[in-house]
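Pasting the structures here.
In the two assemblies presented below, chain A is common to both, partnered first by chain B and then by chain C.
== the complex of A and B ==
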């Protein structure tokens, strides 16, 4: 009995060590860095709330403009991509789980495989597809539009690539959850005269409440951290209309000039707070409504 | 007993694994940002050097994110490489922050590592306040490739007679280009603008060391570039002009010296190399950068290892012709003056003094911010997506804010040192 007294540490220990070393300590240091001037080469110098004051209130500062432009573009991405990344996989999972559908795993694989391709490789593929000279899209629609340099097409290319590569993960979670719902419930509903739509909203959705909350929260947090798609597809253009916050943060901290890590950290902390508040609100609202 | 045995095995394995993480103190750890084919050519050069059985062999480590890695090891003061290959524009800030060791000792150990044996622009890029911090490997920068077949088709091969294609000459083709064909692309447009700025006698550093982007000279540069765009002669906004050149639809491509390798792989692309276009036939520049060998400050680097580094740099000075394969303008005089070097297209830029003088490396401390501002805004401004005044103001503000942030930090650091001294 005594031998097992500390056995739980062996199970949770490795994770705690990794969490401390790679997440908690860097996060705390990141918050500290946001209150400093720091070029990554010399020691950080404490400046209190100056970085936050500049970013949030100094309207003449390029950091202020970059933060709010980046935040606006990030929010555009989140507001449009998150519903797509929830609804489309949910519909696909529901369709695949229908008893009359054959080759379920085959269809699941087709939809899941793009998620295994790196964003860089995927962006190259999609850049060629949308290339106005050589691409399939321009030839298909007989258009000479430069898709990635013209709005709203620039956003569309980003969303198409995001949905293509991102729906597989959520779809598998939904499929696993839906397959766990008792058939008895559906049969009872059918006896009571419920149609497919009524069954979906009254049985399927309530039954997968927790996976749904989990995917909404995680997809939203992931969407706030969007970086690769706009960087590779549009490089933030045209006129910085697809420059997201993570691109500005990365450029400030690790751009070509001397690092401005203090401002970059303050932007990252502000974004982290926004993600935290929105995720908590999502969890609260969804959990309360479905309780 | 079994448990003890498992524990001992675990400890031994951990020790071996950790030992594997350590570095051999008789090996020169050499970090570079050379990915792709550049990295393969450098690997070969290092392998050739190690085949000479030196006392201190070199271990070439490629890190695509070199500068982030450098900051990380400097912060931890552990694992700092013995030798690094950095870009010219990093030298001023690294030197100002006391991150680099002067090359004086290395140069005294190998006396051929001296100014006379290198292209002056590459050598001078490593000097800060009179101290030599680097030994150059190469110059690499803007180049203008031309499509020979297309130039013949439009009857404009005479533009190349004086090695300077002027903007006025390019404008002669206004309204004469076939659909889908253009005179020039907008690849590396920021570099083109920085070359033109020199042609106009402008600069990015004011008399008091302040950054200057919103200047009459920069306005002239942008107006020139816009005139090419407005005449319908520049590849459209957002198009992959580089790819369009390779597909044979653009007369000139303003990309880098290293692009020769990629262009050569395109079947049927008959191309040559010349200077980046200018507003005047009397003056031309090609904005350049350089790869420079440098030593980060590292207390653990022994004098013997520094001698080993000197030997390696001397080997590179004598044998870096293979580096020309990567498309770079080799900095060693011995190499560029060798007959074998003429086979490389980029030898165009060292064929005479005038060409050598055209290779311009910006050494202003805040150049990276200026270059970043140009990269972010120039395409929008030139293609008419953004007003010229607005663009110039935005770029100036972009650079000013970043410089001010850095200056504030240096002032704070100086104050902290002063306070510390007062307390002592």
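== the complex of A and C ==
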């Protein structure tokens, strides 16, 4: 054996260094910074639980108001966008996988392509569509509302753009899973007289439960990080009703003026904890119900 | 029975055609508007086809090389995404080999520990990551976008799974012939895992191209930005839609590179996620 005892470091070593520098250290430091007063440049000073105390309980603090407004708006986005991002691609995948439907790859490509467009390029086009004087909505449907500055339309522009650009991945996962379901199951159900809806709920859905759990958990965790759509479509408005947590965290840490990275880190840790708890709960509930 | 089947077939077609129309119209609308003059857009309002086709918008946006250097932004993005992708392929194949085909003490414990840590929500890392990039002197440089993403575990997991499906006899017979690990990695394993590397590479490219939050944080220098961050700036400069045609032509230019990539590598994009689903399913 000419196998050097330490040669594995050649293979895994470079990645371990990257992992330490860009994942482990920033994660630990992010938690540490949440207990400090920090302006990103000088060394942080320890303040214990002060940041959390301010954010969670100090009714007079703007950080308290920002956090809860941001959290509320982020939750609105998650609660509405996630079901859309699961149900719509599931319906599309089911329709594409209908055994008599042709041009399967064509339909799939059309729906997948917006996912390749960056949020900023897509937002420029969608902003024009929703523009109050020049856009499609005003000219074609005679709507004289400023969509991005009036609720509930402001949220609708964000959801429309999100669904348009964000369902391609889930659709392909569902398509692949649905095409893998055994044809025999459907045939024997047909003999028993089951219609298409019955077949969908009693055969298709249970057969694709693992991809379904996976996409629900991943889509939810992703939705919490929403940032680009509200920033570019509504800039958080009207009256901060679409300002999400990620926008506040970015403004506090990297906005103009003094960086308030300690408070921003505490908000990030709170948000991270919420994501972890919800992901775990989703996994637990869905896995148990489908077992 | 057949009749019911036909109805469901037509319903499926109808649904798909409606969805596809909704999906393409914004893109076509953006494309067509990029060939219309501001005066025409304002006076004529919405129409799909321009009255007069003009290329002024493209000329003007390409001429602006100071406040909105769109070609430079696209060039930056191409450099960033290509370099990132090449490095991803090298790192994940080396690391995947290490965790699946080499034997050393604590290998699987180490691997799953790293996997576990990587599930920690990314939002917590961002602020310290900026500090680290700053210490490295990478703020406003391409490295800020190329390197941090190389630390991820997802693609390594994928490659490791894929390598586990390759029979161990291949390595053993090569070892008998006197081959070392590097020879086995390079000559035997690498050619066999090409499909998974292409797939991981494509998704890394698209991911890095479309990243938005991070470039908005690390770039303030207009000349160094990737195109995603540039377009945010452009929205401010050309705000209130005084120069609609230019905004649309910039958006279209920014879309072209990834669209071309998709057209050339379409089959991998599709097989890609099949592979993903296969593992997770």
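What we mean here is this: the second predicted complex is superposed on the first by the 271 of 291 C-alpha atoms of A that agree within 3 Å, B and C clash if a C-alpha of one lies under 4 Å from a C-alpha of the other, contacts with A are read in each partner's own complex, and residues count from 1 in each chain.
Following the convention adopted for this analysis, a residue touches a chain if its C-beta (ideal position, glycine included) is under 8 Å from a C-beta of that chain, and two chains touch if they have at least 3 such contacts.
Being a predicted model, the structure only gives us computed values, none of them experimental.
When both complexes are superposed on chain A, chain B and chain C end up clashing with one another. Using the contact criterion defined above for the overlaid structures, shared-chain residue A:100 touches chain C, although it does not reach chain B.
Of the two partner chains, neither chain B nor chain C is touched by A:284.
Contacts of A:25 after superposition: chain C is touched, whereas chain B is not reached. More residues of chain A lie in touch with C than with the remaining chain of the pair chain B and chain C. After overlaying the two complexes on the shared chain, residue contacts for A:272 are found with chain C alone; chain B is out of touch. Once chain A of one complex is fitted onto chain A of the other, the partner contacts of A:201 are absent, as it touches neither chain B nor chain C. Contact with chain B, but none with chain C, is seen for A:260 once the two complexes are overlaid on the shared chain. In the superposed model, A:37 makes contact with chain B only, not with chain C. Using the contact criterion defined above for the overlaid structures, shared-chain residue A:63 touches chain B, although it does not reach chain C. Contacts of A:214 after superposition: chain C is touched, whereas chain B is not reached.
Residue overlap on chain A between the chain B contacts of one complex and the chain C contacts of the other covers 40, 131, 133-134, 254.
Put simply, chain C touches chain A in their complex at residues 4-5, 8-9, 12-13, 15-16, 19-20, 22-24, 26-27, 29-30, 33, 41-42, 45-46, 91, 94-95, 97-99, 102, 104, 107, 110, 114, 117-132, 147-148, 150-153, 156, 175, 178, 180-182, 185, 206, 209-210, 212-213, 216-217, 227-232, 234-235, 241, 244, 247-248, 250-251, 254-255, 258-259, 261-262, 266, 269-270, 273-274, 276-278, 280-281. Of all residues in chain B, only 65, 67-68, 71, 74-75, 89, 93-94, 97, 99, 180, 236-240, 243-244, 247, 366, 368-369, 371-372, 376, 379-380, 385-386, 394, 397-398, 401-402, 405-406, 408-410, 412-413, 416 touch chain A in the complex they form.
Of all residues in chain A, those touching chain B in their complex are 37-43, 45, 47, 60-63, 131-134, 146, 148-150, 236-240, 251, 254-260, 262-263.
Of all residues in chain A, those touching chain C in their complex are 1-3, 7-8, 10-12, 14-16, 18-19, 21-27, 29-31, 33, 40, 91-92, 94-96, 98, 100-101, 105, 107-114, 116-129, 131, 133-136, 138-140, 164, 169, 172-173, 176-177, 180, 195-196, 208, 210-211, 214, 221, 224-225, 227-228, 231-232, 246, 249-250, 253-254, 261, 264-265, 268-269, 271-272, 275-276.
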